[in-house]
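Should a chain be cited, it is by its letter among A, B, C and D, assigned in written order, with residues numbered from 1 in that chain.
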Amino acid sequence: MNLDTLIFIISAVVAVFGGTMMIAQRNPVLSVMYLILSLVAQAVLYVQLGALFLGAILIIVYSGAILVLFLFVIMLLNLRGTEDLGHGSQPISRFTKFVLSILFVFELIAVVKTGFIRSESPIGMMTTVAEDFGSVKAVATLLFTKYVYPFELAGILLLAAIVGAVVMTRDSQRGDSLRIGSAPDSQAPDIEQETGGEQ
Amino acid sequence: MITLSAYVIVAIVLFGIGTIGVLISRNLIILFMSVELMLNAANLTLIAFSRAMNVLDGHVFVFLVLTIAAAEAAVGLAMVITLFRNRETINIDRYDLLKW
Amino acid sequence: MSDYLFLIPLFPLIGFITNGLLIGRLPKPVISFVGCSTVFLSFALSVMVFFELKAMPAGLRVIEQVLFTWIPSGSFHVNIGLLLDPLSAVMILVVSGVGFLIHVYSVGYMHNDPGYGRYFTYLNLFTFAMLTLVLADNFLLMFVGWEGVGLCSYLLIGFWFEKKSASDAGKKAFIVNRIGDFGFLLGMFLVFWTVGSLDFLTVSEKAPEVFTYGGALITTTCILLFVGAVGKSAQIPLYVWLPDAMEGPTPVSALIHAATMVTAGVYMVARTNALFILTPDALLVVAIIGVVTAFFAATIGLAQNDIKRVLAYSTVSQLGYMFLACGVASFAAGIFHLMTHAFFKALLFLGAGSVIHAMSDEQDMRNMGGLKKYLPITFSTMFIATLAIAGIPPLSGFFSKDEILWKSFSSDFGHPLFWILGFVTAGLTAFYMFRLVFMTFYGKERMDDKTRTHIHESPKTMTIPLIILAVFSVIGGFVGIPHIFGVTNQFEHWLEPVMATSAGAAESHVLAAGGGDTGMEWTLMLLSVVLVAVSIYFAHLLYKKRTELATSLRERFSGLHRTLLNKYYVDEFYGAVVVRPVVYLSLFLWKVFDVVVIDGFLNGLASRYHEVSEFLRFGQTGRVRTYATVFIFGVVLVVAYMLMD
Amino acid sequence: MDITSATIDLSIIYPELALLVASFVIFVMPFFRGPTRFAPFIAFAGLLAAAIFAAGQWGSQQSGFFGMVSCDNFGVAFKHIFILTSAIALFMGYRYLVVKGINRPEYYGLLLIATVGMMVMANSTDLVVIFLGLEVMSVPLYIMAGMARRSLESNEAGIKYFIMGAFASAFLLMGIAFVFGAAGTTDLRRIVADFNFIMSNAQPFMLTGVGLLVVGFGFKIAAVPFHSWVPDVYQGAPTPVTAFFSVGPKAAGFAALLRVFAFGFADVTIMVTVFQMLAILTMTVGNIFALRQNNVKRLLAYSSIAHAGYVLVAVVAGGSEGLAAAVFYLVAYALFNLGGFAVVVLMETRSGCKSDFSELAGLARVHPYLSAILALFMFALAGFPPTVGFFGKFYIFAAAVKAGYIPLAVVGVMNSFLSVYYYLRVVKTSYFDETDKEFAPVKYTPAVVLVLTVTVIGTLGLGLFPQQLVEFSRAALFAFL
């Protein structure tokens, strides 16, 4: 077992462990922490696969920005994992859900085991790649030539998301911003009357 | 040398965990994070295939998917805030006014 | 003149649009004028094109007018085109002629109804759809008319929707008809698939080449088409809607549920005779269904007390005769009976309407009697119609019914059994029709005094149509006097070009049999006349002279009588087996659980309720996680299926 | 690679650009205290410009942006459908949003961006672009569903749509990853060209990937069993948005589905079987669940599921005939379904209406024309002649019969007959049902009247004279696969 394999095993185990712990938490803050753990381990796998740039992006953007946004919202809403998560009767038992998901996973694993990719390469082996495979320059060149159209689309998507987030949280007519805790009567939110002057 | 299938299987397992998370989690925020995990699993698959075939297109795609994930997170969290203001719960099972 | 063929259906459409758009804003005289005059114009045009067609040489009597291409080129070409040939010429005359008379009659009959404008709007729409159906030159356009008349029928049955029974009857008619339409549409697809065209002329031309004689494909196609006809023409097993359809206004029953729409099935079979003639199996099915329906409905008619219901079952029975004719490949005889039946049955219904009108909406014959002196015109016209339907020579019904009976015996596809059943049915028909006449017009006056003071003969707008129809009921049969009287059968001759293709297969046999056995034909004809006479005598005996005998008879055979009165419990059977599953199919997912769960479980088992209902409605719990589970379930299945390969 | 040499011809994305420019103007306006009440007019101007540009693209076969955009008749036909849908949703929203107190200029901007996403989806042969187009379409739709922030139903519709949409996206992404793994590319043209080679090398990967694509697109078109979100979201979302949902994303999903499957995988029998199953399930489940609904919007939601099933029959039929039938039906469906929703919008602008069945009672007495129009749309949905609905269904089933899928056609016909029952319930309620309550009169607005006029003329006119539309659908062929 060489170092490469060892690193793979460790990061794979950590990634799966992080994911599992994430869904097993009641407290969303802990969940976020476990997800970050999983993502860091995945970033290691990225690097192993030659995706240096994306590995960095994963940690900086994903763990560093997106998940922090999650944390921010959790703090904002003041969730501590003690909220009403009571058991209603469930139409479909948890067991069925597990069985279905695991069936699905096994199906996909069966695909990996039976079908293989590119008969000319030895089964499951990696081809050797160029020195700059996955470097910033190589990815960027591709991104700004062949993929410039989807790149622009991604920009539009972000614009729509920003506008959308604003629309959802801010009332443009009255200029009120986030007002956590002063939720209207949940029975009749339509008839809530604003008392102006609240900036 | 680690085989490609090893990476892909790890990705599939992560995807499966994400799926289970969506199916069993009552907490809206954890549910979102499960979806994020699923997207990341798909990303890992893409990168593994990219490496195996020496094609960089997969990397670009992953880059774009990260953008999508960010956009979805922004929108989703905005919705969570609105919902929490109206309902004061993030228990997904409580949102069942519309049914049948 | 034939260039203006399209005006025939167009006039009623104009009437429909005028009355429909200005509903509630026009005074009644204007509504009546628009409603009747448009149909009259259609009728006048029909007469003109009929004579034009008659002036053409026999072999060339086809006028096809393509208005525009509905569906353009390629493998799928359908025109909006009208086809005038001897067959459709007869039909447009009947539809617009009888239709016009009934429009006029309605002016008197409906004059007090608040829905007057709506009524004429629907009636014009119906005439338009029926004329489209009849004149269509392809299956698809015919189907358009077919659906159109079905819709109008639904609207008019439920015309008095305030009555629950009326709206229920409309619903029932609608659902049962859908089963038939389903067959029609599938048959149409099969025709299109095999022949590659939906045009009647093309299909008739190509059918012998495309299909093998008696093959499974053609048999399936024809049986599917016949299912459509069964639905529309109220044959076993889809006849249940027609008696209930009597909830509609009586003129509607006359026009739609007796004279025209219900005969659309017969017309369709005759129109596609080129297909049916290729498949003896399907013909056999048609004949059996026809004759059994004729017999079965006649027996039910024996015991009904509602005047309109008697007539409704009689219609079902007569339609059975028409199918019997078609089933023995004697389509001309079927159409002949269709025509004469339109006259006398319309007359009977209008007469019944006149009676009901006079009796202040009383429909039960047990509360009538002795009306002869109050309603002389109604009585005499109805009496003529009764003679006609019973088959007393030389009225129209005699010739057409006898033609069918003879063909069912002598035709290549005929069988003595068909004749026997048809023969017995003729006796039953005479019996229940005269029972109706005797119970209504003769004997003691059984109505209460209040009603009696109101009895009056109907206004002229109602009686004049009766008289005209009575004339036709008398003379209508002369166009088709059978050849044994030493003349050629004009009617059969007239339709020959349309049936020519079909006759190709069976002509020699039919004609040989028809020509050779004159002695037999005379014998059978005499037999049926005698039977009719005997039946009338019995009816006279039971319902006029000695009514107490009828009572004692009823007591002796009470079991049988009750079964007949309850229409063999067929409605109940359908309610349980066919209609309810269709109507309440969703009950399966919704209401059953509502009822079972709410009624059963709320009382004490409230805790289980949630679980059970949630389980059963697992698709739509309102919970996202359930949806995701259903989703994953689908994913697992799809991927598993993909992997099996 | 020399970046500067990459020539980029913008002309093939002019329609998209027109919409984007309009939406940017709308988004930016509030910052300059611009007159936001002009937002719908700007949006309409954008749609008009887009329609003109799109019409100019008809007949041309261009590919640009390094093969990322493929503009052929098929794509352009769908652009027209999207522009029509979007314009109608815009008109419907004009007064509705004011009445419901959610009149915000962003509605119009987001509508345009969603339309851009659909156009992108329909006009590409690259899975990456199709996926991005799908997201560009979906994200604005999530927001629009939840736009009525103070309405619990709308909130719920938004979050449900969002969760299920993101969930389905993940599967779609995994599918694309698998296809990429099997083929080494995401360009459908190359995949189709090397199809046999790929299948011989990596069949399980390819098929699994494709199966997941079916799931992803099946979600957008609301095929059973990926449909559960539809009734809830349709019922909860503001009605103009629901109208938009019921046509736009569905058509876009079908565009992508047809691109991916109609030609590339037409020979793979296993795919045909899967689509057959989906079609049967979708039609049947949609119709059965619709039978007992008591809310018109929810009923139309189930009906839209059933209609997706009919279009799936056309997908199964395949070939140029099936393709034309699908395009035809989508145009027809857009007309009468949007028309139906327009009536619901009118009904809902009365105060306190949630479009329950009982609110329809008495409509015919107060508004005979409106109820006649409603009846017309219901008949069209049910497939009665001579509306375009009958013709569209007939076209689809005839195509299926011609391609030899007779049992499927039988199920389809049975379903369409079953569906008549619940459509007629709407008609019956509006005409025949008695109510104790006073029927509050509907206020017509010019915008909705315009929508009704267009849809009524389309529903009847194209039913009687479908030739133009049939020719249009026949011409809407792929040029690149």
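Here is the rule we go by: a residue touches a chain if its C-beta (ideal position, glycine included) is under 8 Å from a C-beta of that chain, and two chains touch if they have at least 3 such contacts.
The structure displayed is predicted, hence computed values, not measured ones.
Q: Mind listing the chains that sit against chain B and also against chain D?
A: The common neighbours are A, C.
Q: Higher C-beta contact count, A-B or C-D?
A: Between the two chain pairs, A-B has more contacting C-beta pairs.
Q: Round to the nearest whole Å and give the separation of the Cα centres of chain A and chain B.
A: That pair's centroid distance is 5 Å.
Q: Let me have the rounded angstrom distance from the C-alpha centre of chain C over to the C-alpha centre of chain D, please.
A: Taking the mean C-alpha position of each chain, the two centres sit 42 Å apart.
Q: Centroid of chain A to centroid of chain D, CA atoms only: how many Å?
A: 29
Q: Would you mind pulling out the distance in Å between where the CA atoms of chain B average out and where those of chain C do?
A: 63
Q: Which residues of chain D are in contact with two or more other chains?
A: Correct list: 128, 132, 135, 139, 142-143, 146, 149-150, 152, 158-160, 163, 167, 178, 181, 184, 203-204, 208, 231-232.
Q: Could you say which residues in chain B touch two or more other chains, in rising order?
A: 8, 15, 18-19, 22-26, 32, 49, 52-53, 57, 60, 64, 68, 71-72, 75, 79-80, 82, 86-87, 92-93, 95-99
Q: Using the touch rule from the top of the page, what residues of chain A touch 2 or more other chains?
A: 97, 100-101, 104, 107-108, 110-111, 117-118, 146-147, 150, 154, 157, 160-161, 164, 166, 168, 184, 186, 189
Q: Chain contact topology under the given definition, line, ring, star, complete or other?
A: Graph shape here is complete: every pair of chains touches.
Q: Considering only the defined contacts, which chain A positions touch chain D in the complex?
A: Residues 107-108, 110-111, 114-119, 141, 144-150, 153-154, 156-157, 159-161, 163-164, 166-168, 171-173, 184, 186, 189-190, 192 of chain A touch chain D in their complex.
Q: So in the complex, the part of chain A that touches chain B is made up of which residues?
A: Of all residues in chain A, those touching chain B are 4-5, 8, 12, 15-16, 19-20, 22-23, 25-26, 28, 31-32, 35, 38-39, 42, 45-46, 48-51, 53-54, 57-58, 61-62, 65-66, 69-70, 73-74, 76-77, 79, 81, 83-86, 88, 94, 97-98, 100-102, 104-105, 108-109, 112-113, 117-118, 121, 123-130, 133-134, 138-139, 142-143, 146-147, 150-151, 154, 157-158, 160-162, 164-166, 168-169, 178-180, 182-184, 186, 189.
Q: Applying the document's contact rule, which stretches of chain B touch chain A when the two form their complex?
A: 1-10, 12-21, 23-27, 29-30, 32-34, 36-37, 40, 43-44, 47-54, 56-57, 59-60, 62-64, 66-75, 77-82, 84-91, 93-94
Q: Which chain D residues qualify as touching chain C in the complex?
A: 159-160, 163-164, 167-168, 171, 203-204, 207-208, 210-212, 214-215, 218-219, 224-226, 228-229, 231-232, 270, 273-274, 285, 288-292, 321, 368, 384-386, 390-391, 394-395, 397-398, 401-402, 406, 409-410, 413-414, 417-418, 420-421, 424, 428, 431-432, 464-467, 470-471, 474
Q: Sort out for me which residues of chain B touch chain C in the complex.
A: For this pair, the touching residues of chain B are 19, 22-26, 92-93, 95-100.
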